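Given below, in the form of structure tokens, are the structures.
In what comes next, chain A is part of two complexes: it sits with chain B in the first one and with chain C in the second one.
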Partner chain A sequence: YQVFESVAKKYDVMNDSMTLGVHRVWKDILVHKMNPSPGTLLLDVAGGTGDIAFRFINYVSSVRERQLQRKLKHHQSLSWQEIFESYQKDKFNSVGDSQVVVCDINREMLKVGKQKAQRLGYSEGLSWVLGNAEELPFDNDKFDVYTIAFGIRNVTRIDLALQEAYRVLKPGGRFLCLEFSHVSNPLVSRLYDLYSFQVIPVLGEVIAGDWSSYQYLVESIRRFPPQEELKAMIEDAGFFKVDYENLNFGIVAIHSGFKL
Partner chain B sequence: RGGEKEEEEEEGWHQLYPGHIPTSPLQKALLAAGSAVMALCDPYRHDMVAVLGETTGCLALPNLRDKMKNHPEGYHILQERPRIRLSTLDMARLRGLPDGSLGREYVRFLEDNKVSPDTRMPPKFVDDEELAYVIQRYREVHDLMHTLLGMPTNMLGEVVVKWFEAVQTGLPMCVLGAAFGPVRLSTRKLQVLATQLVPWAIQSGLNASCVLNVYYEQRWEQPVESLREELGIFPPP
Partner chain C sequence: VRCQHYPPLRALQASAALRRASDEHKKEPLTSSSQQHFDSPPAGHQPEQEPQGPRPSYTGQGGQESEDYESEEQLQHRILTAALEFVPEHGWTAEAIAEGAKSLGLSVAAAGMFHSDGSDLILHFLSECNTKLSELLEKEQKLVQLGEAEKKPIDEFLRHAVEARLRMLIPYIEKWPQALSVLLLPRNIPSSLNLLTSMIDDIWHYAGDQSTDFNWYTRRAVLTGIYNTTELVMMQDSSPDFEDTWRFLENRVADAVAMSSTASQVQSTGEAVVQGLMGAAVTVSN
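After this line comes the complex of A and B, so read on.
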């Protein structure tokens, strides 16, 4: 907990520096893979500073807008709400009835996330909840999609988090996990290790004044189960059609599963 | 993965003093570069100045340590390893000392400038625990340098002290601080700096014996002027 308390304020700056901005692409790919349609209810766990939530909102808003344009073009029957919205030409990218709940165990991270939302102009369709991935404060069968981006690595009992994910998803719901994983390519692996152990703690010290938190980060990545093992754990929790996609040689992987 | 496991274990087991973070030469180089840039960009990052000092001091620190070893008072300090901290200083007693004495003037300096000896960073990246003490001593004695030189803690005062320390210790961090510190000063101040203060600081620094060889804690009653004379620091302009 304390690692993320000290890390919260500089979290985003550090992410950009450590991954040279690539983490933004990874998160974009996650939301694209999710391909949410308007009206989706998303639970983003360990979502802290809101990166996934904001992308989700952008995505459904633009899908919705495109739908609206299509309806307008074909003079289809529009509801009064839609007609009203079509007159708001500016930033009113309406979220409609899509919603995202951002859940994080750390108050500081949520605080930073809320401030960011305000600054970037996100107001509708967002809620912020303090909660533990191993014991979520939600009822069964509630959400359409559950995401956890770079968070499951920090959960003590991954199996419990996966069980909770299964519990709160509706039947037909999707589980998506974006996390650091294992690189099998020996050359890439060597370079990656060199970068991780030599450069990242230095970045932590210089940018955030905190060597040890980033040393911990790099070590926790090495300890995390590799792709196949995580896949098996997700299947154990009851998910079907579990699969994973490697990004950047396996530096990062997206695992996906369905509750049927 | 075997290689990095070794590295992990080594780094964990080679902790030489509390707070020590063992680093590879590459890491030290990166730290030195990063901290230098960060210290320039954000002058409030005192921790970066400290890190810069630790990662670049590999030649100057052993030099200082040897100077201390070869001097009776310095040797004493290395043996006893005194620390200047609020918990070890008897502030009331020092305040009660006569005006002009080291103790009285030191306390006056701390109060006037609202600083405390406890804000000095403990060393992290020095890979020798005796040298770690030397750099710690240098940091804790810094405020006494201000007192002896009669310089306040504003940018100008700090730069003057850095010039003095650069000459005295040879620490690259002091040299860099002395050279780049003036960048943020107005032209008027720069003039005063260049014409009067820096030459005086350099001359005093060259003339004076090693300031780390003074057991300050045993000299609180000594008048500042007498200590200046003893060390060889010229009176401030």
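After this line comes the complex of A and C, so read on.
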């Protein structure tokens, strides 16, 4: 908990510098893989500063806009709500009935996220909830998609978090997990190790003034179960069609499972 | 967390509960029940008498728990069948699949199980059409065998089969060009070619083709050509009940039949010419 409290304010800056901005691409890929349709209810756990939530909103808005345009082209009748929204073109298009709930155990991270949302102009379809991934404050069968991006590593009991994910998802719902994982390619692995242990804590000290947090970060990545093991854990929680996709040789992996 | 003694065949408890609920209300939409996979027994009729549910249990030893088991493939099949209803509105896209999943009571995120370009839906539809065609031809063959119907001449048979198959496209004709373009994506070509060739093969089989020589290839190539061109003509045909398309088909089949008879004529003429030359050579040498 303390690690992220101290890290909260500089979180985004550190992410950019550590991954040289690539984390944005990873998160984009995650939302693309999700391919959410309008009306989707997303729960983003450990979503702190809202990266996934904002991308989700952008994606859904653009899909909705395309749908509306298609309806106009076919001269289909729009509902009054849609006509009203189309007159209201601000910077961002309307989200419709899609919603994202950002849940994080850390108040500081949520605070930073809310400020970011305000600054970037995201107002609709967002909620911020304080909660523990191992014991979510939500009812059963509520969400269409559950995502946890770079958060499951920090959960003490991963199996509990997976079980909670299973519980709050609707039947047919999807579990998506974006996390650092195991690199099997030996050359990449050596370079990656070098970078992780030599460069990252230094960056942590220079930018955030915190060597030990980032040392912890790198070590926790190494201790995290590799792809196949995590896949087995997800299956144990009851998910079906569990699969993973390696990004960047396995530096990062996206695991996906369905509650069927 | 359930024990996993049978790794490949696991029950889908959530969907089982949903289906039990939907069976009680007899919610199966009419279009999907007519396209149900022909393996499963007629489902919606006796939900009260069979509390175990309509689907056959696939787990060998799994008799202890409820018999409402369904494999992932079956569920995917059901979702795709339900999604076909939404194609005229949304096209052959992941959106249609999402709407299909929603209509079954599942979350829209279930569409993530399929590829995002909608190709799974199209291929599912194609294989359903091919199955229906085979059943139709099988039935007609039985009638001929029982002597209740006359055996059609080859050109009429081919016309009838291709027309029947193309008529299955009519409900989706507006969005079918989109489907064709998706099928041409390199990723999808193996599967779509596979389905196409198996369909053509089926038609020839029921037409009585038993050739084991090069004819086998020419026949299939010719029929594939006829089928594809007729399909394309159908895409932009606006005549009532597609009359123009069927006339086009008739002409192409007539062409093909004429071509084959011409080919055999050429062959026999060729043989005759050779024999004449041989005779002349013998005469000259004497």
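Structural remarks
The rule we apply is simple: the second predicted complex is superposed on the first by the 257 of 260 C-alpha atoms of A that agree within 3 Å, B and C clash if a C-alpha of one lies under 4 Å from a C-alpha of the other, contacts with A are read in each partner's own complex, and residues count from 1 in each chain.
The working rule: a contact is a pair of C-beta atoms (placed from the backbone, for glycine too) under 8 Å apart; a residue touches a chain by one contact, two chains touch by 3 or more.
As the structure is a prediction and not an experimental result, all values here were calculated from the model.
In the superposition on chain A, A:Leu169 makes contact with chain C only, while chain B stays out of contact range.
By the document's definition of touching, of the two partners only chain B reaches A:Glu205; chain C does not.
In the superposition on chain A, A:Arg222 makes contact with chain B only, not with chain C.
More chain A residues lie in contact with C than with the other chain of the pair chain B and chain C. Using the contact criterion defined above for the overlaid structures, shared-chain residue A:Gly50 touches neither chain B nor chain C, since it reaches no partner.
Of the two partner chains, chain B is the only one that A:Asp193 touches; chain C does not reach it. Contact residues on chain A toward chain B in their complex (touch as defined above): 193, 197-199, 201-203, 205-207, 209, 211-212, 219, 222. Within the complex formed with chain A, the chain C residues making contact are 1-2, 4, 10, 12, 14-15, 17-18, 72, 75, 94-95, 98, 101, 104-113, 116.
For chain B in complex with chain A, the touching residues are 1, 3-4, 7-8, 21, 24, 26-27, 30-31, 34-35, 37-38, 45, 47-48, 51, 124.
By the touch criterion stated above, chain A contacts chain C in their complex at residues 33-37, 39-40, 67, 144-145, 163, 169-174, 235-238, 240-241, 256, 258-260.
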